[in-house]
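One structure follows; several queries about it will come next.
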Amino acid sequence: MATVKLIEYEDASPEVRAVYDDIMRTRQIDWINNFWKSLANDPKSLKRTWETLKEIMAPGALDPLVKEMIYIAVSTTNNCEYCIHSHTAAARAKGMSEEMLMELMAVIGMANETNRQVIGFQVPVDDVFKVES
Amino acid sequence: MATVKLIEYEDASPEVRAVYDDIMRTRQIDWINNFWKSLANDPKSLKRTWETLKEIMAPGALDPLVKEMIYIAVSTTNNCEYCIHSHTAAARAKGMSEEMLMELMAVIGMANETNRQVIGFQVPVDDVFKVES
Amino acid sequence: MATVKLIEYEDASPEVRAVYDDIMRTRQIDWINNFWKSLANDPKSLKRTWETLKEIMAPGALDPLVKEMIYIAVSTTNNCEYCIHSHTAAARAKGMSEEMLMELMAVIGMANETNRQVIGFQVPVDDVFKVES
Amino acid sequence: MATVKLIEYEDASPEVRAVYDDIMRTRQIDWINNFWKSLANDPKSLKRTWETLKEIMAPGALDPLVKEMIYIAVSTTNNCEYCIHSHTAAARAKGMSEEMLMELMAVIGMANETNRQVIGFQVPVDDVFKVES
Amino acid sequence: MATVKLIEYEDASPEVRAVYDDIMRTRQIDWINNFWKSLANDPKSLKRTWETLKEIMAPGALDPLVKEMIYIAVSTTNNCEYCIHSHTAAARAKGMSEEMLMELMAVIGMANETNRQVIGFQVPVDDVFKVES
Amino acid sequence: MATVKLIEYEDASPEVRAVYDDIMRTRQIDWINNFWKSLANDPKSLKRTWETLKEIMAPGALDPLVKEMIYIAVSTTNNCEYCIHSHTAAARAKGMSEEMLMELMAVIGMANETNRQVIGFQVPVDDVFKVES
């Protein structure tokens, strides 16, 4: 149960509805997921977050599926149940196969393992990695 | 400064040298980075970790550059300085451009932001995301 | 389901009841929340934790509502469902409005975003921030 | 050492300089801290992040000093050295006394302690905390 | 609900069944827990993870109960509900008393508290702790 | 560099000196490490934290070396450089061998790996793990 009210389309102000409409149009769907309904308690925050997300997740130097998998990697490391479910669904919709998901989780697991070993031993960064960019 | 001794090639046992040799051969380099030198205090752990990493990071359903970027996403979220430096260098060696790195960090930042908002509001997972797999 | 027994008032030892009584008296309520019932499996730990919490959360240089919001910020970043629910309720009881909650979450989200970008880029601390205190 | 180039004012494009100018004007300072210099590698990201930060950290239902202390709470829990230094300096500039800082750290420490105990015992959320909002 | 199919014994390939058989034989139980059923979507990952776990958790310089308690400490700090339940059950099966569990949680709580205070104050490491190993 | 002044013995109030004296007497050493010098900016917090730590880390159902290793597991997962150095030194002083440290790090690494896989797949807790305690 959310700690704030989830604002449904029919109860939303015109300002909020405009964002909801843009979300549905952009994603070509006819419903709004709960995250946006929670943010809608602050219309400015809703608008800013949606516009930022739309810009960041658009095709660019990285393709949208790679971006979704990066989102899953962060969400898994942060243990965000909602985000894991929503971005796994989004990645599948963009073409992630089961084999890709299994490899993604293997990399995430391995990275979490070696991150902690490196930290636990306080391994100093090799000079060669500190290349002038 | 590491909390354990870093085992140099010249001080290593034949068992450790065999792993070091495989690392250098596989990566086509002539040096060993500090992480392996710390693990070498337990030769079995060194061998197991290297073989697992070699298998997981090899080309598969995901290409090696995507895997490196996922490693960076996890390492950044876990705040592993060593890992950020080593995997950013590795990703660049595999073709990551500056533009790709900037997009990667934008996605990592955004994911960390929305992860926390979702958690802070305790947003319930939409039923539609819980598709039977 | 908890991994330990939750000790109810009627099953509690006099030592535990004394702490429960002080919690109810201090907070002017007539019930005990589950966290204390789990800690009651170790009466010394229950007593020490309650007394520390009572001291730390009391009015001081910071007012109690600000302290509750800081608790929410930490609990959200650590993803503690129980703590988010209990401290959001406590903050509202101390006067947090919906507008304040929305701003709190915006700051928490933003901080998590820029924290990771700073870490991902390994940005060095500006000298000017290292002022002698 | 950063993994990207830090873009100095004299090397910056007009688009980046416009943001740098706004940062200095808004904060009434005559220098730019390293975080912005790293983001400047992607001018759109620099502009968006600065504008979002300016909006979120402005006076509102919460006062700017409270917002800085929330930033410190998140940055401490995430272990962001840069952010701890920069936001502790910012909070002091906005009036945080040493006594306030000590109380802030006591609350952050306590929250981290009880968060983990609640999680370790898997304490179920009391029904009374799940109030309809 | 898992994001992947949980592979039951009767639906498993011979390769997966061989691992399942070894898990049941090693642990002297007649069922497989859900974690392995999720990993079984990638038989190589299942086999590698099981063999690594078997090797790492075996009696060595540390006894298996201590290893289980370390697992609980990490799982609690990472907030892994599944892992807390499974490893608390495993530790009890290996002889962890309620008193030991309460002390374990007290140490975990304290460590999380002082970790954050040290980080929040950016306390420099004393030279005496940096002993040559 | 710390964000607060480190209070040396010669500059300390009698209240702080009394705690410093107890730390040195209890640990049979003749110096105070930096963590306590940072907490000394709030003498009540110093006293409370030291007394809690002394009580929690004392021999009990778990022996002090096991407690130190649990502290290392938490500090590694939280990435607390100071704490890793100080508790690794403390564990060695209490008898931790290099072999024990290597096993400890292997368990910490493995736990971090499987924690994330379990979370990433959103594996449901097996009913058998939810035993009534």
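Order of writing sets the chain letters: A, B, C, D, E and F. Residues in each chain are counted from 1.
Rule of thumb we're sticking to: contacts are C-beta pairs under 8 Å (C-beta built on N, C-alpha and C of every residue); 3 or more make two chains touch, one makes a residue touch a chain.
Note that the coordinates shown come from a computational prediction; the quantities given were computed from them, not determined experimentally.
S.K.: Give me the chains shared as neighbours by chain B and chain E.
M.R.: Touching chain B as well as chain E, we find A, C, D, F.
S.K.: Hey, which chain ends up farthest from chain B, C-alpha centres compared?
M.R.: C
S.K.: Over half of the interface residue numbers used by both chain A and chain E, so same, or under half, so different?
M.R.: Mostly different residues.
S.K.: Report, in whole Å, the distance between the mean C-alpha point of chain B and the mean C-alpha point of chain C.
M.R.: 34
S.K.: Rounded to the nearest whole Å, what is the centre-to-centre distance of chain B and chain F, using the mean of the C-alpha atoms as each centre?
M.R.: Spacing between the chain centres: roughly 27 Å.
S.K.: Could you put a whole-Å number on the gap between the CA centroids of chain A and chain D?
M.R.: Centre separation, chain A to chain D: 21 Å.
S.K.: Pull out every residue in chain E that's touching 2 or more other chains.
M.R.: If we look for residues of chain E contacting two or more partner chains, we find 1-4, 49, 52, 77-81, 84-85, 88, 98-99, 102-106, 108-110, 112-117, 119-122, 130, 133.
S.K.: How about chain B: which of its residues touch chain A in the complex?
M.R.: Interface residues on chain B, with respect to chain A: 1-4, 6, 31, 33-35, 38-39, 49, 52-53, 56-57, 60-62, 66-67, 69-71, 73-75, 77-78, 80-83, 85-86, 88-89, 97-100, 102-104, 106-108, 110-126, 128-131, 133.
S.K.: For the complex, which residues does chain A have touching chain E?
M.R.: Touching chain E: residues 79, 84-85, 88, 98-99, 101-103, 105-106, 109 of chain A.
S.K.: How about chain D: which of its residues touch chain B in the complex?
M.R.: 3-4, 41-42, 45, 49, 78-80
S.K.: Can you list the chain A residues touching chain F in their complex?
M.R.: So the residues of chain A touching chain F come out as 72, 76-77, 79, 81, 84-85, 104-105, 108-110, 112-117, 119-122.
S.K.: So in the complex, which bits of chain E are touching chain B?
M.R.: Per the stated touch rule, the residues are 1-5, 44, 48, 52, 55, 130, 133.
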